Amino acid sequence: MRALLLTARGSQGAALSDVPRPVPAQGQVLVRMLAASVNRVDLYMRDNGAGITHSLPQIMGIDGVGEVAEAPEGSRFTPGDRVILYPYEFCGKCRYCLEGDQPLCTSAKIFGEHRDGTIADYIAVPETALLPISDSVDVEAAATIGVAYLTAWRMVFGKVPLAPGATVLVQGAGGGVSYAAAQLARVAGARVILTTTGAAKLVHFRDQGFEVIDYADGPSSKSVLALTGGEGVDLVVDNVGAATWDQSLRSLRRGGAIVTCGATTGSAPSADLQRMFIRQLSVHGSTMGSVGEFRQLIATFESGAIRPPIDSVYPLERAAEALDRLSAPDRLGKVVIQIA
Amino acid sequence: MRALLLTARGSQGAALSDVPRPVPAQGQVLVRMLAASVNRVDLYMRDNGAGITHSLPQIMGIDGVGEVAEAPEGSRFTPGDRVILYPYEFCGKCRYCLEGDQPLCTSAKIFGEHRDGTIADYIAVPETALLPISDSVDVEAAATIGVAYLTAWRMVFGKVPLAPGATVLVQGAGGGVSYAAAQLARVAGARVILTTTGAAKLVHFRDQGFEVIDYADGPSSKSVLALTGGEGVDLVVDNVGAATWDQSLRSLRRGGAIVTCGATTGSAPSADLQRMFIRQLSVHGSTMGSVGEFRQLIATFESGAIRPPIDSVYPLERAAEALDRLSAPDRLGKVVIQIA
Amino acid sequence: MRALLLTARGSQGAALSDVPRPVPAQGQVLVRMLAASVNRVDLYMRDNGAGITHSLPQIMGIDGVGEVAEAPEGSRFTPGDRVILYPYEFCGKCRYCLEGDQPLCTSAKIFGEHRDGTIADYIAVPETALLPISDSVDVEAAATIGVAYLTAWRMVFGKVPLAPGATVLVQGAGGGVSYAAAQLARVAGARVILTTTGAAKLVHFRDQGFEVIDYADGPSSKSVLALTGGEGVDLVVDNVGAATWDQSLRSLRRGGAIVTCGATTGSAPSADLQRMFIRQLSVHGSTMGSVGEFRQLIATFESGAIRPPIDSVYPLERAAEALDRLSAPDRLGKVVIQIA
Amino acid sequence: MRALLLTARGSQGAALSDVPRPVPAQGQVLVRMLAASVNRVDLYMRDNGAGITHSLPQIMGIDGVGEVAEAPEGSRFTPGDRVILYPYEFCGKCRYCLEGDQPLCTSAKIFGEHRDGTIADYIAVPETALLPISDSVDVEAAATIGVAYLTAWRMVFGKVPLAPGATVLVQGAGGGVSYAAAQLARVAGARVILTTTGAAKLVHFRDQGFEVIDYADGPSSKSVLALTGGEGVDLVVDNVGAATWDQSLRSLRRGGAIVTCGATTGSAPSADLQRMFIRQLSVHGSTMGSVGEFRQLIATFESGAIRPPIDSVYPLERAAEALDRLSAPDRLGKVVIQIA
């Protein structure tokens, strides 16, 4: 079968290859992939991989949508069922799995990172890594939600309660997870303010009705306070890190919270404990989402409430180009790989 | 000044009267009323009043919108400020007030019930019973949210967590609070199924995109289970009481919850404890909402996310007729009184 | 091996028998049992079994402690490990298992009810039904916590938050789960009031420092209100049902909660919706506890904070007598079966 | 009347003085003080005061216990009532007060900091700053709970749920708030590990049955991980700041939380975002506690569950010495001022 295989580090390391179709182990389901999407972490594994322990070669791809090709006896699934992949194989036996917090599994295997991934004609996975998804949804859009939207879901809904009327600030909304967070917060009735820069992005987000701050114009917290009558926001989604951290802290109302799942500009800003305790702020690190959260996200997606922005769709043959597209400065939205 | 004065029980007991303008006590704010709305409880007080301890005569009206006419020194308010009334005078000193749960105040005075109300040219109230509201909102729509939407808010958001993708069943959605609950659940991204009957209401709710069950067609729980793949819903809003209670319990998924703020068809259905513990269901009584919840509701209303259905608008001169309109079988939506 | 085998309904239906040692299926662990305890539900299955679908013969026993005899490759367990049994085989794949709420598993098999149980020399179970427990704990005491204390744990900690200083009322504290609930609430710093009757029990609980109401003296809610300055309690644990329900509702403070996991005196008291919504009460059905809750309970038990009351200990040879002891009127505490 | 008056900055700035007895403003209660305690923040105001805006002279003292001398008409209090002071005058009108979160009040006046304090024969305060306390409690012990224990209460119970069996690490347990946090966590059934140093403190805490780490022995996180089987703790209480922050982060289990209300060794450690999001940690700033939390604390104190450690008791005449005692290296426990 065809697969996007990573054989070496570097921009030439990933290429479409012909590999044997996987044979499902006991209890596994064989899925024929229909579409996948690429995520920034794929680029990181291709080009750098520091701190990542997997051995090469490996099939890339974390998320995607497919159709059941073979299911073991006693499975909830039947050949032909449309399914979406939860991005991990989790153990199901550790403390965190048994508490329903699969992102904390002590022996999780992320697809495309710790084991073969989704950008291939077939993948064999444990039944618990599959959720049903309606035949009527757009397959390419669905292929984008398993990482970006699931991660955003936990950030927006999983750490502090969010009711309609709350105000959420999303830093650097052009990133995939941040964009998803802005959309999800709005689906839940929140007021969403976001920061970005560059004419195209500013226009794009304003056209969608968001309140947009151009961070090139100066300290964003001043603008945030101006927009909120001096009060500050309830929640900041900050995946930017050191470059925005201080502004994020200053944008919060008393008792407000920051959630972070990444720190692309640096991981070591000052914790500013004094501000945190005087104003009773909280900071929440977040990674991916649980199977339960994924189920809720899928229901929300099936309802039509969120439409993931799609930058471009590549056929599987051009999957390596799709990876390159991720770093194009004018990219806005997810890059999808059409497989079948 | 003019006021809708209740002087005796019965359908002739309430009439427009000329009464002295209230003189604000120390710390009170004088508000010039712009609009009010009538609620089912007004009708109850006019016609029955059993179990209600207030003395007559009394100015009617629980909710409304006005403009500050006089404010005491040191107040947060200035003459001319647009304000909305929280439906109570609460004590601010009891355990529940100090915990921010004003609906449990041990000595609350509801406007129009325990003290003079809002259907008048002026009202004098403690500053804590007023919240600012934007000049740009529609005054008549705003006058409808203080009771129906605030009560619905706590039912939908205040008892169990509600994230997008959750499924909510609203029993008897034609009632004011139930209608508001259906709208609010949708604003938060939930899937809303509702029960009602009568051609006009069925059409009305279907036109708005709700999933509608005609309860005249048979046990609604069967339809609910069919619509949810046999799973049942996460939350039921049931203000109907004995007539629907068993169906509400049977419509819940394992671990689901019912919220109730009223029981017009009877208060004593079986608690069905066995079903409750086997399926780990919960039942939550709810009344009104807190000031904090009202602040969130106002922000949501100001955002344009909810549009209260308005059946009719009466000038203050015809306020008594407005009360009568409440019991018209073809009424759908709130009855508003325009004051200034 | 020896086992307490249920072959027919009725008081003579259960007897010590010689049966083949179970052969662990793929992934299962073989456990050599050290001790088990009997629960009221065992008696129900022996004598009645209405509504229970299991086929006979079956080995009885829901909870217990043992030692790993054989473990499959890759298991977290090694022969010789001391383990305690979680009272179910759960599927690990349904929505509720994946959310960490195993008591709601749609295909759970309770030991001794849906599959062979713990009162035997050996049992073969999936690895996920075992938790490690310290070698230093008393085996007989440990054998009593898997059902009674786990069920009580969720009732006391799993439904509404409980901080020190809260007040908890336990109805009919002589029952195993209720007794456990009283102990657990006290471990968490709560003030515990309980109702019981009969000289021996009244003395027993007073000796332990509980505030005790003799319900033979009249309506217990009057006593509860007297003890709480007219306020009422935060939480009622009521497994009695119809006979106490109204008193339980009347014993709650505004905003208080009842938790129930059983209704031995009847399942259909009035839901009293009016009281529930005016005072914002809540009712929570509860069954067993999750694996995560069991882990916390085990840590608490290992700390020495709870000492389960033990009525009597029978050797496995006399297991049938142990069952009979359950219905002795003078029993107070758990009945344990020593196996090895 | 007598009062500890701060007239100038520096160690000589506070002295017992004769000042006029306060005259209660409208709605205020006059309290005859019985005992007060001193807190580190008193020392800070006497010696430094940077960033504190109050004008001098001012009566010192944040917390204390007294007896109602005069109460206004309609008050819940009667002369002779024993009362404890909540450490603030809060406005009762701002968003946070109305939500029951008085520590976030936008115009709070802390006793002894923004207005006259408790170390005096009399104080006049709003009724909402007083809570009843039983006549039977030890007055000197009660005088120590208003700041240290209330602050600790919110840290331990107010930010993340704490059930029995949880594991809590308290950094630098010799400090007043940290010591209180260790006691409160234990009252709630948690396992408490603490760090301190110096022979006297090590012995003192071990004698009380705590698990104690001497931080002079090396990185405390290594010891914490060793004590928890490599897992880490659920909650860290860290009021030390920069000196311990990294160790605190490394002592947490996946999904664990740090709570901080102070940073005596520095406020700007690295936020270590990468560790936070990979392991899903959270950090919570905390300050004081709400009136609702104080009510719960008082109930817990009245139950006898907590015994504040008292270092020494000074008569009011020697109040200035009591302040000096705060900085004695061998002090362990609270310093109390006996007033009447």
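Miscellaneous remarks
Read from first to last, the chains carry the letters A, B, C and D; within each, the first residue is number 1.
Please note the rule applied: a contact is a pair of C-beta atoms (placed from the backbone, for glycine too) under 8 Å apart; a residue touches a chain by one contact, two chains touch by 3 or more.
Chain-to-protein mapping (UniProt): A, B, C, D = Zinc-binding alcohol dehydrogenase.
These numbers were taken from a predicted model, which means no experiment stands behind them.
The chain pair C-D and the chain pair A-C differ in C-beta contact count, and the higher one is C-D.
For A-D, the equivalent interface among the listed pairs A-B, B-C or B-D is B-C, as over half of the contact pairs agree by residue number.
Distance between chain centres (mean CA atoms), chain A to chain C: 42 Å. With centres set at the average Cα position, the gap from chain B to chain C is 42 Å. The set of chain B residues touching two or more other chains comprises 101, 295. The part of chain C that touches chain D in the complex is made up of residues 157, 161, 163-167, 184, 187-189, 191, 295-300, 303, 305.
Residues of chain B touching chain D in their complex: 26, 76, 92-93, 95, 98-102, 127-128, 290-292, 295. The part of chain C that touches chain B in the complex is made up of residues 96, 101, 103-104, 106, 159, 241-242, 245, 254-255, 260-263, 267-287.
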